[in-house]
Amino acid sequence: MSEPASEPILVVDALSGRIAGQQVIEDIAFEVPATGVTALLGRNGVGKTSTIKSILGLIERTGDVRLAGERIDALPTHRIVQRGVGYVPEDREVFGQLTVAENLRLAERDAAPRRELVERLFPDLVARRAQRAGTLSGGQQQMVSLARALVNENRLLLVDEPTKGLAPRIVDEVAVALAEAAQTVPILLVEQNLRVVRRLAERVVVLSGGRVVFTGTAVEFLDDEELIHRHLGVHDASEAA
Amino acid sequence: DPAAGDAGAPVKIAMLTSQTGPLAAYGAAYTAGFEAGLDYATDGTGTVDGRELEIEWGDDQGNPDTAVAKAKDFIGQGYQILAGTAASGIATALAEQAAQNEILYISGPAAADAITGINEYTFRSGRQTFQDVATAGTFIGDPAGKKVVVFAQDNAFGQGNLAGVEAVLGSKGATVEGVLVAEDATEFTPFAQQLISASPDLVFVAWAGASSGAMWTALSQQGVFDAVPVVTGLGDVATYGAYGEASAEISFLNHYFGGAAGTEAEAAMIEHLEAAGATPDLFSPDGFVAAQMIVQAVREGGDTVDGMIDALEGWTFDSVKGEITVRAEDHAVIQPMYQAKLVQDGDAWKPELVDTIDADDVAPPVAGE
Amino acid sequence: MTRNKTLWLAVGGVLLVVLLAVLPLLAIEIPGVLPGPTYTPGTLQLIAYAMLIAALALSYRMMFGLAGLLSFGHALFFAAGAYGLGMTLDAFGPAEWPSELIFLGSIVVTLAAGFVLAATVGALALRVTGISFAMVTLAFAQAGSVLIRRNPGGATGGDEGLALDIEHVPGALVGVLNTRNLYWVALGVLVFVYLVVLWVEQSRAGHVAAATRENELRVRVLGLRPYNVKLLIFIVASVLAAVAGMGYLLLQSGAAPRVATADFTLTLLVIVVLGGVGYRWGAIVGGIVYTLLDQRLTALAGSEFIAGLPAVLRVPLSEPLFILGTLFILVVLFLPGGIAGIPQRIRSGRASHPAESEEVADA
Amino acid sequence: MSTIVLLLITGLGLGALYFLVASGLSLIYGLMGVLNFAHGSFLTISAFLGWEVGRRVSDGTWWGLAISAIVGIAVGAIVAALTEYLLIRRLYERHIEQALVTVGLSLATVALFEGIWGTDPIYTARPEWLTQTTEILGAKIPNDRFLLIACAVIVLGGIVLFLKRTRYGLIIRAGVENRQMVTALGIDVRRSFTLVFAIGGAAAGLGGVLASVYYGYVSAHLGSVLLIFAFIVTVIGGLGSLTGAAVASVLVAVLQQFANYYLGGTGDLVVVVALAAVLLIRPRGLMGKIA
Amino acid sequence: MTDHAMLSLEQIGLRIGGARILEGVSLDVPAGQMLGVIGPNGAGKTTLFNVVSGVVRPTSGRVLLDGADVTRESIHRRAAAGLGRTFQTSSLFPALSVLENVRLAAQAHAGGATSLVRIPRAGDAASERALECLAEVGLEHRAGAEASGLAHGEKRKVEIAMLIAADPKVILLDEPMAGVASGDVPALTEVIRGLHRGGRTVLMVEHHMEVVLGLVDRVAVMHHGELLAVDTPEAVMANPTVQSAYLGEAM
């Protein structure tokens, strides 16, 4: 297991989260290095989404979360995001009544938003600027959702199941876009599709029952059938795809 | 002599009126008038033949439930006389309590005709709707063959006035029509049009409450005053500004305004009021009369309610508005009424007496006959 | 353990009722809370009124707290009871019948009318849910209120209210000397309403109603029709309100149009929340505390003490509704379980929200 | 004919007043799910303070009215924003409690206004032109109705433009759909809640000053009278739909006028029946979105 | 006997606001069969269950339950006619106790659940039945607990217990294993097998392929709102379209 060279961008320690008064994650601890993709894995309902939401302050949480050394666990969500955290939510959550352009405009925080980058990555969206986002296909909505995160200069991206419910061809496109993004910004990625994980991630953190059960390099984990079976409940990588 | 038994024992009198709530202003005028009347009737002693008048005030909040609860409390504590309230709804409820418990009740400014003759225990100290209407009738001379339109809100007050006009003027040969407007309506312009197209000889407006300003504006804007003479009742001081443009063009019937009567009692009342920092107003005489009646009941009636009733029935006395008679048959208070107009006084308007109407000319028919 | 606890609660309840029943025979004084000793008519009247309001609040809580039905029109049924009985007593009955029969007959007729009204309004209003339901009930109540004030055919007395025609009312219920009897009637109404509410809440239909409040779709998937259960609860609560309304008519010897207004329903809501939505006895505590506070604050408002304060303090403090409103805001903000929730809060040491209502789901 | 014209145009004027109150209610409900019972109080306090300042500066002139309007708008906005900040925000997402707090607030404030300004209506003066009429097709229309209609149109247009054209409008529209996601884009959505309350309060404030022109008085109950109709209009129009509220305001007011005049003063009853009918036939209101 | 269709879907189509959610879905499920329904997220599986149970009305097509057209019937009528279901996210009455949750189902089945007259008490038939059902899923020790306080897996079991209590003819299970700890999967699989063994017709959406393959008679594959294939598990697993649309290219 190789330690990341520089300071980690995100350090999570003793993080617990509650939804509607119920503990959904408990005592989570892991780090996200300052470069590359870290995958957060686990079966349905183990608390991956809840972990991301706790980091962002979208659900009630306690613990110690540091972004580049600065405590963010007591900040309201918008403050955390303003410190340079981009978020791609699990179910896309585009604003259906707003147009594509409005969705993007809403997300722009920086003085000089990176519109060209977004337009280059997702040419389809340029053509559909004036379309209401609610009428887009699932794949297109996912593009909007990603674009909303990429349009700003971020220090960290939290991306929750970007390929969920997408046709394999679109999955590839999304993976390409994420790979490109990962060149410039570290990503914490929740992903069920192990092929995508293998392609993008350098390190993995595995959750089970609301706790961290494994941390290590992606290769180390993905090549160990026994580990995958134990933690993800699948016999081989393909089944979880 | 029944009073001899406990001569010297104080008489407990319960006064219920609005100190808070929508009718608080009426309550204040009534209360001030009562203090003045008590002072006048007892020569400043507050006692009657050496007996203390123990007067306890209660706030009815304009709410019959509160009033009934307080009345029961008072009655339960042995109060023998109950008086007050400006709200007809409360007065009827209190009259009911008086009858059930056989005590004397002298209602306040509440104008409903129904209170007259409601039961033998209930008296009134103010005027009633019928007297207003009859005063309005004095503006058209002989009513026979004339057409009168009553413009009123569709509530108990408005319906009562319409019925009153039908009884008073209808019986003398006038054709009476009503234009009744829903109480919650806020737009009166179309009704003003309706008044003009009816082309009556007199429009009698019976209106209470906050919407009067908008109503008068509508009448004035649509030119009702140019087409027909309009009569209405002049309310308390706070409403003098409500008539706006129309003020000078309306003929007012009036129960009382400060300075209308010019009697010796009025002078005494005004002096007392001004000393207390109050001004004479529409319902000051009602309080004044109530105090006189209570003193009379105690002085002549002794400690039994029947004695008090006897003492009051048919009693004639001098009060603020002149000579007043408590009619024996139904306890109606026979009193003079006024015609008035509003005149500009700087920025504000003030009333001026036009004529005094004889008490007998506006006396209501005996209730229940 | 639950069996034992239930037993103790039942014994405690019976003792409380007995204590309340003998109150008119005792001379207990609580200065500052009650206007006089407990045997005096004024005090009995006040407590009786409070008990009727508590009964009404209890029926409202059954709808709101148990079935989650936020109605803005409950006053309509209280008014239906009060006005219904008043009007039937006025109009009803062949003169040759004995008074007692006419009195009982009028009660039966009023109950039947209340039932029909409740079934009609409920059947219509329950076709929508959430805020829309609240608004439809508000609309019906508003219509009722307008009708009462319009005084159709002179039946309701309009603004002046309806006076009780005592001709056919048993003599024992008339007059200040008999306030004691009216007090017992009010206590009877409260106990009756409590028992019915208890019964309904513990019946199968009550359980289904609670389940419907939590998750309506799930109830339907079980093969049950929430509409029926909600209608049932609506009707029972409304008829109970009418019962309280009849008690009110007798106690007050009349009915005022105020009891039909939306403001009156809002007052009920305030009472129930003040007492604690999550608890049955919360409604009772709320009703009694509210009535006493209202009465005492009015006394305070008129007191010498207040009159002597500087205007900044005097003006607000001499408005009882201002104090009540402010108090209510504070309870909602800082005491989510209401008064009845205080013991629970003390025990658990942290904020708890019994029966915390989900977001009002619109249709 | 002239009667019908009169009923229509005065109905439009009344509808304009309803809309000024309903617009804020609808906006607040749409974005935050809060049923604001204190909205009438926002209106009343604005009317009172607008009148207090306006009459001191210049009573019964256009200048005085303009000052009143500006003061009313400012007071409405500030009071509403404070309400959101001090009371509503503490009960984040607990909609029943939020509505209850506003119930308490309306009870307390109406009592307070009575304490301060008394229970009697206070009659107000207004510019000469507003007391006159203009003849249209034989109907003498009071001029203040035109003022009401113009203001309502400006407010409707202003709010629509604000929502469509400004960044805050964008945030508010997005917030109506999904508040959490707006926060997750780094935007302080609570600030836009306060803003929405302020805008609603400002509209109510303007409504308050205009209502005092229309009714000719200010009183502690000015707002309560209008609030119930504003609720009805909001629900008929579809909760959260601004154009729905506008259309429903006009429909309700015109219907009310005609029923009051032709159907023996049954305006209120007809409105109530209309509300019940609309909800039973179309539970989400005329223009409401699918919840 | 077994080949008459207990549940038939005929050309079911559903559009919401212009989006095609379901399209031309036709399916016959013979009595006593257990059918697995698989497909990628958003394929329309849950929506199909909603159409069958009446939560959503289809824009076209018919639903036949035991030969009777129930397309226009309300949810509770279908349930009363013998259709039971669970939800993808567990859906209990959070403020009621576990026993009360299950007892409601038992009462609904026995009739008179909305009676004002009958007061449920410990020891009556419905409570007895509810306890039995809880015992079947191994949760009788939690009978008194408030449902909101249960762990996720326990909630799933309570849902199954409610199904047992309601004793439906046709059961729709939406991802019953989601969130169930892996150690509990075999036991719950057995419970589901037991549900089926009573001769009931079962439709089950499940991503957990081991469970699906171990239980079902046939598998239906959904993709983009359409039914791609209905076949034996083996044939479906071997189907190249299924592999690419659901299982993934790597297979």
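Order of writing sets the chain letters: A, B, C, D and E. Residues in each chain are counted from 1.
As a convention for this text, contacts are C-beta pairs under 8 Å (C-beta built on N, C-alpha and C of every residue); 3 or more make two chains touch, one makes a residue touch a chain.
A quick note: this is a predicted structure, and the numbers were derived from the prediction, not measured.
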How short can a path of touching chains from chain C to chain D be, counted in steps?
-> 1
To reach chain B from chain A by way of touching chains, what is the minimum number of steps?
-> 2
At the largest C-alpha centroid distance from chain D we find chain E
Outermost chain relative to chain B, judged by CA means, is A
Per the C-alpha centroid definition, the whole-Å distance linking chain A and chain E comes out as 32
For the pair chain C and chain E, the C-alpha centroid-to-centroid distance in angstrom is 44
Cα centroid separation, chain B vs chain C, in Å, comes to 36
Between the Cα centroids of chain D and chain E the separation in whole angstrom comes to 49
For chain D, residues that touch 2 or more chains besides their own = 114, 268
In chain C, what residues contact two or more other chains?
-> 146, 318-320
Under the touch definition given earlier, write down the residues of chain C that touch chain E in their complex.
-> 199-200, 202-208, 210-211, 214-215, 217-226, 228-229, 232, 236, 355
In the complex, chain B touches chain D at residues 20-25, 154, 180-182, 184-187, 189-191, 193-194, 210-211, 213-214, 217-218, 221-223, 238, 241-242, 244-245
In their shared complex, at which residues does chain D touch chain B?
-> 2-3, 6-7, 10-11, 13-14, 114, 118-121, 123, 131-133, 140-142, 214-217, 219, 221, 225, 257, 260-261, 265-268
Which residues, counting only chain E, touch chain C once they are in their complex?
-> 53-55, 74-80, 84-85, 87, 91-96, 100-101, 103-105, 107-109, 112-120, 162, 166
Contact footprint of chain B on chain C as seen in their complex = 35-36, 40-46, 49, 146, 149-151, 157-161, 163-164, 166, 174-177, 179, 252-254, 256, 258, 295, 298, 301-302, 318-320
